[in-house]
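Think of it as A, B and C in the order they're written, each chain with its own count starting at 1.
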Amino acid sequence: MALAFRLQKSPMPGFGLGMGITLAMLSLIVILPVGALLARGISYGPEAVWATINTPRVWAALYLSFRLAFLAALFNLVFGTLLAWVLARYDFPGRRLVDALVDLPFALPTAVAGIALTALYAPNGIFGGIARDLGGKIAYTQWGILIALIFVGLPFVTRTVQPVIAEIEQEVEEASATLGAGRFHTLRRVILPMLLPAALTGFALSLARAVGEYGSVIFIAGNLPMKTEIAPLLIVIKLEEFDYDGAAAIGIAMLLISFSMLLAINLIQIWSRRRIGHV
Amino acid sequence: MHIEIDEIAKSFGSTTALHPVSLAIPSGALVALLGPSGSGKTTLLRILGGLEFPTSGRVLFDGQDATGLSVQERRAGFVFQSYALFRHMTVFENIAYGLRARPRRTRPPQAEIERRVTRLLELIQLPQIAKRFPSQLSGGQRQRVALARALAIEPRMLLLDEPFGALDARVRKELRQGLREIHDSTGLTTVFVTHDQDEAMELADLVVVMSMGRIEQVGRPQDIRARPATPFVREFIET
Amino acid sequence: MFDDALHPTPATAGRPAKWRPATEESRLTRILLIAAALGGLAILVVAPLAVVFAEALARGAAQAVTSLTRPEATSAIRLTLIVAAISVPVNAVFGIAAAWTITKFDFRGKAFLITLIDLPFSISPVVAGLALVLLFGTNSLIGGWLVASGFPIIFALPGIVLASIFVTFPFVARELIPVMIEQGRAEEEAALTLGASGWRAFLTVTLPNIKWALLYGVLLCNARAMGEFGAVAVVSGKIRGQTATMPITIEMLYNEYLSVAAFSLAAVLAALGLLTLALKTLLEWRHADQLAAGRRH
């Protein structure tokens, strides 16, 4: 490992100590545990791992987690961009307070968010009551999960897009207008394409967070197998049954999903850098 | 197109950018607004282009009041100091932008757009760069693309804000000649802003010297050089 | 320049209704967009926050306070404080070491190292907990030996600390790296040429330059460490009075229909979150030039 990070000559001291702490911590906290997870999968055998994943209940949970995370990220893509635009461009009373509030989902523990959302959207809650009067149900259905996933991923798109909006040169928008484009045409053809790479990055971050989310979801989900059971919950259930192999199999599946999303984020950034010079 | 500026004034909050100024620009002229920074020349140009609204006064195009016309309605080809090219579009898409932004009724068909963009690329002597992105161009190339993009909308006049400001001396000389040629071949009334008196004197038919939000002198380059009207003008053209 | 978005200044008030600056939307559009943003935020973010306090105080403040003095509440608060007191400094030291190594030296594989440090952000907390259980659990090689030597990790404090460090792993390093890249190496090099030792250069030159960014990272790290649920739920075993942190205790109380007790404990965490948010915002206003936030893109 140390050979891989070989140093070029430098007069600065502390490389050995810094790299030592970094690698020791990385190994203990990240590499060894993730390695143990993968090793467990290998010792369990690829066929057995596949057999565990390839059951209706696991597929239903993975599909549910991914589908709802995707929908939540999509909502956050649109609403987060809108929010970023309003915060970056308009002045209104309390703008700075609102700006700070956007980060609340990052600061509020997921379990707290979970019980709060359940209290709001359960049939005897404020919003749940409205839904019940209209003949619908939110908590303990997929709608409830969707709302929890929207909550935890809300700040990502806004926080990636907002600085990009602030950096748009006024002259670019003016140029579009002098060429005859109306404001809506300018928004659609000039501004949104400039925001796209950042918005997609925020979308992917929001998606990655939502796929693995647990704390805010389990309270509101109802946790019915095949219907409202998310993938992370299946891991917890397997562990409670002391089925470590089964838990590891699902864990590896989720790890692969995470890695592919990490890859997607990096590809988006490479793509946009190549296209417009810098992000 | 004949442009008339009638008692135009502009203030931003408590600072006055332009005291009431009046100026007549004959059709087909190549005019330089010359002055140091803060003289109000860019504000005046932006008012002509419809990017700022004057605090008082009127702008007349061919004798008709154009003060209330929106930017889009003015059809002024505007070249910005930073060029303001769209980074995510190719050179072709940049130049075609104004044509494609037209409402469906008046939008030319695709073949016509391609023909016009190709012709403009030939006019600016860069026929081979249509597929490149702005980040892949040199400063001089970007400036010429910005000019072509402004010309594509068949503007009624051409407005340029420090068109050569961001270029090195050699490219600057070359492009000055290019602007002169384009002006002469299109016959468009052209107004450009500059702080470089050599540039103004060499290129323009008519030079408008400005300072502190006022017009100090209007005249042909040789007249201004021979008979500076105020001490400011004398000092400014000497340095 | 957008200050007059809603209140036109007198200079622009007299212009005809038709004329509008090229970079502005119509007044109606602006109002609709602001209303949509504020309305959405009120429903999605403010309402859940408000309901935490409302539910905690549903039977009066006295009962809420009493519920916080129950033994399971006090032991949860104590455990959470202990976990944060260990994991946050560990992460701060790691973050400084990693940022120092990455920004002050050139070596091959730097990008890969940064990716590894960022990895915990994209791993589900439950998977993180599972990975720790598989490495240190009783039926693993290391775990079995540790339990035999009387130092269990899973279902005990060390496991909770490890899980908390895992989920907050990149916070400090991520905050420091951009700031230290921007500050370059010249100042430290100057200190070294003036005869300062490496430690002295770090303490007198580097640390003062990064203190606000460090505090910012530590704040975020602390909030997450105190509030982590998924990873801790897996490794803690949820033993009441022993390994139940505040979020875990909230779940237990909630599942036992002890609503006031659950929400009172949740209100404490929510207040902590608000405090974090306030401090973080204050740092962003006062020391924006010394933080990485806002110039990430």
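Heads up, the rule we're going with is that a contact is a pair of C-beta atoms (placed from the backbone, for glycine too) under 8 Å apart; a residue touches a chain by one contact, two chains touch by 3 or more.
Since we're looking at a predicted model, the values are computed, not measured.
Going by average Cα coordinates, which chain is farthest removed from chain B?
The chain farthest from chain B, judged by C-alpha centres, is C.
Which chain pair shows the largest tally of C-beta contacts?
Chains A-C share more contact pairs than any other pair.
So which chain ends up closest to the centre of the protein, judged by Cα positions averaged per chain?
Checking distances from each chain centre to the full centroid gives A.
Between chain A and chain B, what is the separation of their C-alpha centroids in Å?
47
What whole-Å value do you get for the distance between chain A and chain C if each is reduced to the mean of its CA atoms?
15
Averaging over Cα atoms per chain, report the distance between chain B and chain C in Å.
The answer is 51 Å.
Counting only residues that touch at least two other chains, what does the list for chain C look like?
Those would be 22.
For chain B, jot down the residues that touch at least 2 other chains.
Correct list: 50-51, 71.
Considering chain A alone, which of its residues make contact with at least two other chains?
Within chain A, residues 174, 176-178 contact more than one other chain.
Residues of chain C touching chain A in their complex?
Counting only chain C, the residues touching chain A are 1-6, 22-26, 30, 33-34, 36-38, 40-41, 43-49, 51-52, 55, 90, 93-94, 97-98, 100-101, 104-110, 112-113, 115-117, 119-128, 130-135, 137, 139-140, 162, 165-166, 169, 185, 188-189, 192, 197-198, 201-202, 220, 223, 226-230, 233-234, 246-248, 250-251, 254, 262-263, 266, 269-270, 273-274, 276-278, 280-281, 285, 294-297.
Once bound in the complex, which stretches of chain C touch chain B?
9, 11-12, 15-16, 18-22
State the interface residues of chain B toward chain C in the complex, per the touch definition above.
11-13, 50-53, 55, 68-71
Of all residues in chain B, which touch chain A in the complex?
So the residues of chain B in touch with chain A come to 49-51, 71-72, 74-78, 80-82, 84-89, 97-98, 101-102, 133, 135, 149-150, 152-153.
Taking the complex as given, what residues does chain A use to touch chain B?
Going by the criterion above, the answer is residues 169, 171-172, 174-182, 185, 189-190, 193-194, 196, 275-277.
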